[in-house]
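Quick notes on the structure that follows.
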Amino acid sequence: MSGAVAAKAVDTTRAPLPVPLLSVEGLSVAFDGEHGPVRVVDDISFTVAPGETVAIVGESGSGKSVTSLSLMRLVDYAGGRIVGGSIRFKGRDGRERDLASPPAEALTDMRGNDIAMVFQEPMTSLNPVFTIGDQIAEAVMLHQGLDRKAARAEALRMLEKVRIPEPARLLDRHPHQLSGGMRQRVMIAMALSCRPSLLIADEPTTALDVTIQAQILRLIRLLQDEMGMGVIFITHDMGVVAEVADRVVVMWRGRKVEEGTVERIFQAPQHPYTKALLSAVPKLGALRGQDLPMRFPLLVVDGAKDGAKNDAAPPAPPPVQDTVRAADAPLLEVRDLTTRFDVRKGIFGSLKARVHAVEKVSFAVRPGETLALVGESGCGKSTTGRTIMGLQSATSGSIRFDGVDTATLDSNGQAKLKEKIQYIFQDPFASLNPRMTVGFSVAEPMLVHDYVPTAKPGLSRRRAVEERVAELLTQVGLKPEHARRYPHEFSGGQRQRICIARALACDPKLIIADEAVAALDVSIQAQIVNLLMELQAKRGLSYLFISHDMAVVERVSHRVAVMYLGQIVELGPRRAVFENPQHPYTRRLMAAVPIADPSRRTRDLRLLTGEIASPIRNIGDEPAVQPLVPVGDGHFVARHAVGGDF
Amino acid sequence: GPAFAAKNLVVGIPDNITTLDPADINDTLSQSASRTMMQGLFGFDKEMKLVPLLAESFTVNDAATEYTYRLRKGVTFHDGTPFNAQAVKTNFDRLSNPANRLKRQSLLAMLAETVVVDDHTITLKLSQPFGALNNNLAHPGAMIHSPKALETYGKEIGRHPVGTGPYKFVSWEADTLKVEKNANYWKPGLPKVDSVTLRSVPENGSRIAMLQTNEAQFIYPLPPEMVKMVEANQALEIINAPSIIARYVAMNTMKKPFSDPRVRQALNYAIDKNAYAKVVYRGFAGPLDSPIPSKLGFHVAQPDQYTYDLAKAKALLAEAGYPNGFEAEMIGRNSTNFIRGMQFVQQQLAQIGVKLTVTPLESGVEAARVWSVEKPEDATVQMQYSGWSASTGDADWGLRPLLWGKGFPPKFFNVAYYKNDTVDTAIETGIGTADNAKRAEAYRIAQEQIWKDAPWIFLGVENLLAGKSKKLTGFHYVADGGLQMEEADLQ
Amino acid sequence: MLNYLVGRVAGILPVLLVISVFVFGFVHLLPGDPARLIAGPDATQRDVELVRQDLGLDQPLWVQYGRFIGNAVQGEFGLSMKSKRPVSQEIGERFLPTLYLTIVAMVWATMAGLLIGVASATKRGRWQDHAGMLVAVSGIAFPSFWLGLLMIDLFSVKLGWLPTSGYGTWQHFVMPSLTLGLGVAAVMARFTRSAFIEIAREDYVRTARAKGVPSRLVVWKHTLRNALIPIITMVGLQFGFLLGGSIVVETVFSWPGLGRLLVDSVNYRDYTVIQAEILLFSLEFIIINLLVDVLYAYANPEIRYS
Amino acid sequence: MTTTDAIGVAAATPSDTGHEAVRSPLREFWRKFRRNRTAMAAGICLLALTLAAAAAPWIAPYDPAGFDYDRILEGPSADHWAGTDAYGRDIFSRILWGARISLSVGLLSVLLGGVAGVALGLVAGFRGGWVDSLIMRICDVLLAFPGILLAIGIVAILGPGIENVIYAVAIFSVPVFARLVRGSTLSLKRAVYVDAARAIGVRDRLLMVRHILPGTLPSVIVYVSMRIGTSILTAASLSFIGLGAQPPSPEWGAMLADGRSYIGVASHVTFYPGLAIFLTVLAFNLLGDGLRDALDPKLR
């Protein structure tokens, strides 16, 4: 990996090579459940050839992650067991062996070296006590045989490639100081630096904005071409699938329901689930010309039982979301909010610099309104949310909720406030107490706030709460009996839905949803988004919707705020921002959204290089904050050099 | 060759030495340690008989107020300073001066004046008659420092002992004292070993192990229950001899129910002394057949022993108005041996209905209970399990501190608050004269009366037990628990 | 962190001052009169009075406290009431032996404890686990005097390999440090096991495995670092306890340590020595716990950055 | 907080619909604990021991204080299963009787000290700042304060008595628990799920108890199970300074210490009380491991 910029035009019709790299046959995996073993992956077979990209798509909870963990036998450490099938893998040395049979410990030398993996949940997958640099360098040292110093240099190079600002500084930072997307990129850098012959990437771009996502996809492709690396790409983003995959495996409820080349799957899906999936893919621009948000067309995926044919009648046109009570006073009003973090080095470290995570951010959310907050990964979206929640103290600025300055509230008032504002964390797994059943977690807000759910008369309070938990779980597409499980027993998307259920428990007035639907397959995503919008229509809920998925943002939001380097650079009605983006960063964002059509894939393999603007500044070097100037009706833009050329 | 091998004697002792300034010592162990290096005008032989050491002879007036001593000639201290009357005067004046605040000041408290007659003659003038002065001078507290050392080291003298004894000081670290042969010792042919090391090893088992491995050639004390372990080893032998340590339970004779002598006698009858020796000392104890152990001077065995007789005990109790017994508390120190003894007494007295609560106390707490009493009426101690070793070897010190009517705490250790005019007179007579016949008569009377009044439960006299290598000779374990190593030799 | 540290270090003196008042008061309130205890039961009342004057105990309490603190400030602690030697000497003489023994015992015990704990945790539920925990429980439940005596009997009396007791050569360290360390090793083993089981299933451990990190490193680097907090806490506590001297071990092996000095001085109510020792122990704990807090920050960067 | 209790208690009764959406952590814990056979066995052993101790007057073959000077220090035999001690008392009977004192002192003191220490440690770690400094400096002093002195002080102030032993031994445990819990709290309080709980409006006190405390419990349980043995021995050493059970009470630790002088001569005098302590500690440790595992959600 020498040249940072590699521009190559590549033959798009790659025939699968004759000798498969990986051949999975009849793989079944089980976990111990409450009533004996539960098969979560059932008789899966597929192959991966060198240089090939196989995408695994499917319903949330259908067993994608478990399958991928089984390939490296990591599922053994998570309490799972391979109960059948074989995983034949051809190693670097040309030797073929069945990874399913030896004890998991015996495969150590193969991991990383032959197969590397990017995990779905980057937040919990990085070791909190080691620096980013150490963690990447360790992989480099293990697999490229470099010494410490060279490994660090290599780590630095990898970080540059995944477009992390100021990678040199990042080397010495710890995971908890990184934004979600940054951690995900670190995971990717780590996996790639192993230079494996097979890369398993489990939702590697969920937390990335589209511009960076594009960069990552190119990077993977580049390595793949260079080293003939096979790739298993698990994602729910059909746009990404269309962009990268050679072949597609569709999973549904633990089983493989369909497999084919990417073109065939997209053009002639066979299985009802696949069809449903494809028809649910949100397309950017679907609401062009529409002022108001609109729900997804409702899908009846559940009707597609076990391959039974179901070409449901075309759904009724979804209602528009005209819920904003513009006349009312704003529900949430943020003014000049600034949050900074100190950067120190070492255990005793002195103050070196500051992260200007949020700089003079001002916006308001009106009752019944959805304000989307979009922006590059690491630009301060989560920090804004956390600061509003009081989880992070603001450096300056004011936050008013329902007309009350939250800074004036005592701890009691703060706690009461939380009944009305709910926050959905970007990282669902970490935000669920691992020692509590999810049922209890979902019930907790109700217990804490003495919230009495309206339920059938004659029920005790406890039963009422239980009923409500069951109802919430069902609403988000889970089963009531899931309440008894622990967070680690769920898939990524399932956990995300648990967090959504928890946020909805007490009928809040405002929900700050931080990438709340990022890990959901499109069908579930549509359901959840519709649910949220339905609640908005019914109860006048407001949302601060943090997301990088522009297609979803288009569907849900009344207004959009675009953040860049801690500042809001553009703010306006959704239609205005989407159809008439003013700020260069906004324009770049719109252009980078991948399109779910394999025939339109771009094989542009240019990697971005060069300085990336960073929110880390030396002490005393305050960033310039330009005021937002109106450019249209309620449409504002900041005209300054930050984030692009004016 | 082995013939020239240095003879290094190691002695395992149970505690740390506190100081090596005998005038400031009140524990037998430190006394034994300083006795390796220092001597007084008199000493005791291994039978606890008074023998002259640095004094050759003495004269005393009839009133027992003026003693004149002829001192031994040609003796030098370890630092080369000659031993003479001036040295004695320096030491005695130091000891007797309250301003020096020495713990053994009482030994010479009656000293009014020391007069150097000539270089080797000295006269001690007393402020009151005192018949047991030679015994007091034989006490280790009256041993003689080199006057030069006293001057050089001042308050630090306790770390730098310089005497006339058979061994010279080498070093003293936390728990190890090392002394070496004094080549110029005035007794010809002595000492025979090149060095003596005293090592404090508090754990009984470890001390025995030292003996077994020949790391030590002499260890003491040897707990009675461990005698078997030493006996099992061919190279070792035990020393088993009566001591001067009396074991008794003092009863507060001023308060009910112990104010009635019949009660006290009953308790004496209720205890099986043989069983006591067997259970508490595994048989290594003798009877206490008088208020003082037989090894003390002027001891008289009492004809009417309190032999174990439960019927008589019950009868006496009934007579005294306690047909069903009573309840009482017995305190005592918290050592294993004491607790064992207390439990024994508790068990025995239960047989006649006397229910004892046994309260082992930490030394300070016990001291507070015993000594912080200003008026006898305030005493809270009903019974105290105790022991006494009269380190002067004389009946006086076996009786006066414990049973003299003027010796209630905090003055002295009369925890029984026992006061009997006959006894008081006898004790005062005994100390008021140097005439041994008169003294003997006085102490006979005292012992008889005390025995009858039974202010104590007389339990027994424990044996001195020690383990030694058979190769060690001339090493004496004296009845007061002290060690004499002057003649020690290793074969 | 640095500010925090400076603050903590600067805070030590005032804390010690408060402790000194407390200790002084407490010690003087204890039942038992040093003058009587030091003079012995066969001393006359006059003797006792002399001793009392000699020790300065006849003076008002505040004068005594003033003298104590005046001495303490100079690093002196006056004379031991019992031995009349400077307290600093009394303690100094025993501090190093205690320190050395503590270090030797802590080092082996911590390592053994970690090894056993990790072995047990990684082989959880298998025989290695049961064996390890049996050893650990023995270490806790086995009275150390018993162990000490058994070892003396075996290694000194029967085999003649080691001296029975005393302080000096390295041989003298073997049995006392084994005896002293056993309990520590046991505690460490139990805590390590528990902490490891906790961490072993975290996602980031899985990540390490996926990177191809050898099992050994997965355990000793990735898991251990995260399991450190309770382990550090325990090491600190044990270290502090051992630095106070162990009465049992010092007794069995006649080790010239601080534990017996304390017992002796308590027995005689040797106020000066007791006070100095407690101040020393407090200082030790304060310093150790300061180090522990620094190590927390090392172990967990999130603690460091707050 | 009443509502929480309502749920916690109510959830312990079986639900009628077959599925319980909200199973309290407590109930979940018990379900898992029951399945751990070793721990259950250890628990049953301890229960049996407790019962045996309670029934000592009826099942002990001899009077624990009944002496027989003709049969002192006899080894185990058909008459005396564990032999006799220096007074010819039956050691087995004494162990049975002694279980009453030793078990209650061991357990109660640790629980008392544990509860106090855990509370202090939680508050110190969670609040930080001067609260933390104050609590921890007090703990430093308590740690540094020699046990015997403290005990002598307690005898002086409170007088002897078994409850006072429990207090004394409990005090020794407090700072250890406090430091242990504080350490874990420091790192646990930064967990995202704690933030999440805060974000749903959980007040600090509940946050500590419900979200942080369970995370510290594994260490606490381990320490409790170990500490019980130590406490039995400590209690015995306190009886030596006149605090607590006095002769002839058959306290295990005191029996052990008394037999110390007979090692090598009549070793059974220490061996059997030692064995009793060992087995008890073993049982508590196994039980502790079971509790720990039952609290671990990742173990089914």
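Letters A, B, C and D name the chains as they come in the text, with residue numbers starting at 1 for each one.
Keep this in mind: a contact is a pair of C-beta atoms (placed from the backbone, for glycine too) under 8 Å apart; a residue touches a chain by one contact, two chains touch by 3 or more.
Remember, predicted model here, so these are calculated numbers, not experimental data.
> With centres defined as the mean of C-alpha atoms, identify the chain lying farthest from subunit A.
When every chain centre is compared against subunit A, the largest gap points to B.
> Using mean CA coordinates as chain centres, what's the subunit A-subunit B distance in Å?
For subunit A versus subunit B, the centre distance works out to 88 Å.
> Just the number, please: Cα centre separation of subunit C and subunit D in whole Å.
The answer is 22 Å.
> Measure off the straight-line distance from the CA centroid of subunit A to the CA centroid of subunit D, and report it in whole Å.
47
> Averaging over Cα atoms per chain, report the distance between subunit B and subunit D in Å.
46
> Counting only residues that touch at least 2 other chains, which ones in subunit A make the list?
79, 176, 488, in rising order.
> Could you say which residues in subunit D touch two or more other chains, in rising order?
148, 152, 156, 190, 260, 263-264, 298
> Send over the residues of subunit C in touch with two or more other chains.
30-31, 145, 149, 153, 201, 266, 299-300, 302
> Hey, which chains are touching each other here?
A-C, A-D, B-C, B-D, C-D
> Note which residues of subunit C are touching subunit A in the complex, please.
Touching subunit A from subunit C are residues 1-2, 5, 200-215, 222, 225-226, 294, 297-302, 304-305.
> Residues of subunit A touching subunit C in their complex?
72, 74, 77-79, 105, 108-113, 116-117, 119, 121, 124-130, 138-139, 142-143, 174, 176-177, 187, 190-191, 194, 342, 344, 347-350, 429, 488
> Okay, in this complex, where on subunit D does subunit C touch?
Residues of subunit D touching subunit C: 133, 136-137, 140-141, 143-146, 148-149, 152-153, 156, 176, 179-180, 183-184, 186-187, 190, 218-219, 221-223, 226, 229-230, 233, 256, 260, 263-264, 270, 274, 277-278, 280-282, 285, 289, 292, 296, 298.
> Write out the stretch or stretches of subunit D touching subunit B in their complex.
Of all residues in subunit D, those touching subunit B are 65, 67, 69, 72, 86-87, 148, 152, 155-156, 160, 239-242, 246-248, 257-258, 260-266.
> Taking the touch rule as given, give the residues of subunit B at its contact with subunit C in the complex, in rising order.
Contacts found on subunit B: 16, 18-19, 24, 26-27, 98, 101-106, 109, 155, 158-159, 173-176, 199-203, 205-206, 209-210, 212-213, 215, 362-365, 367-369, 371-372, 388, 391, 397, 401, 410-413.
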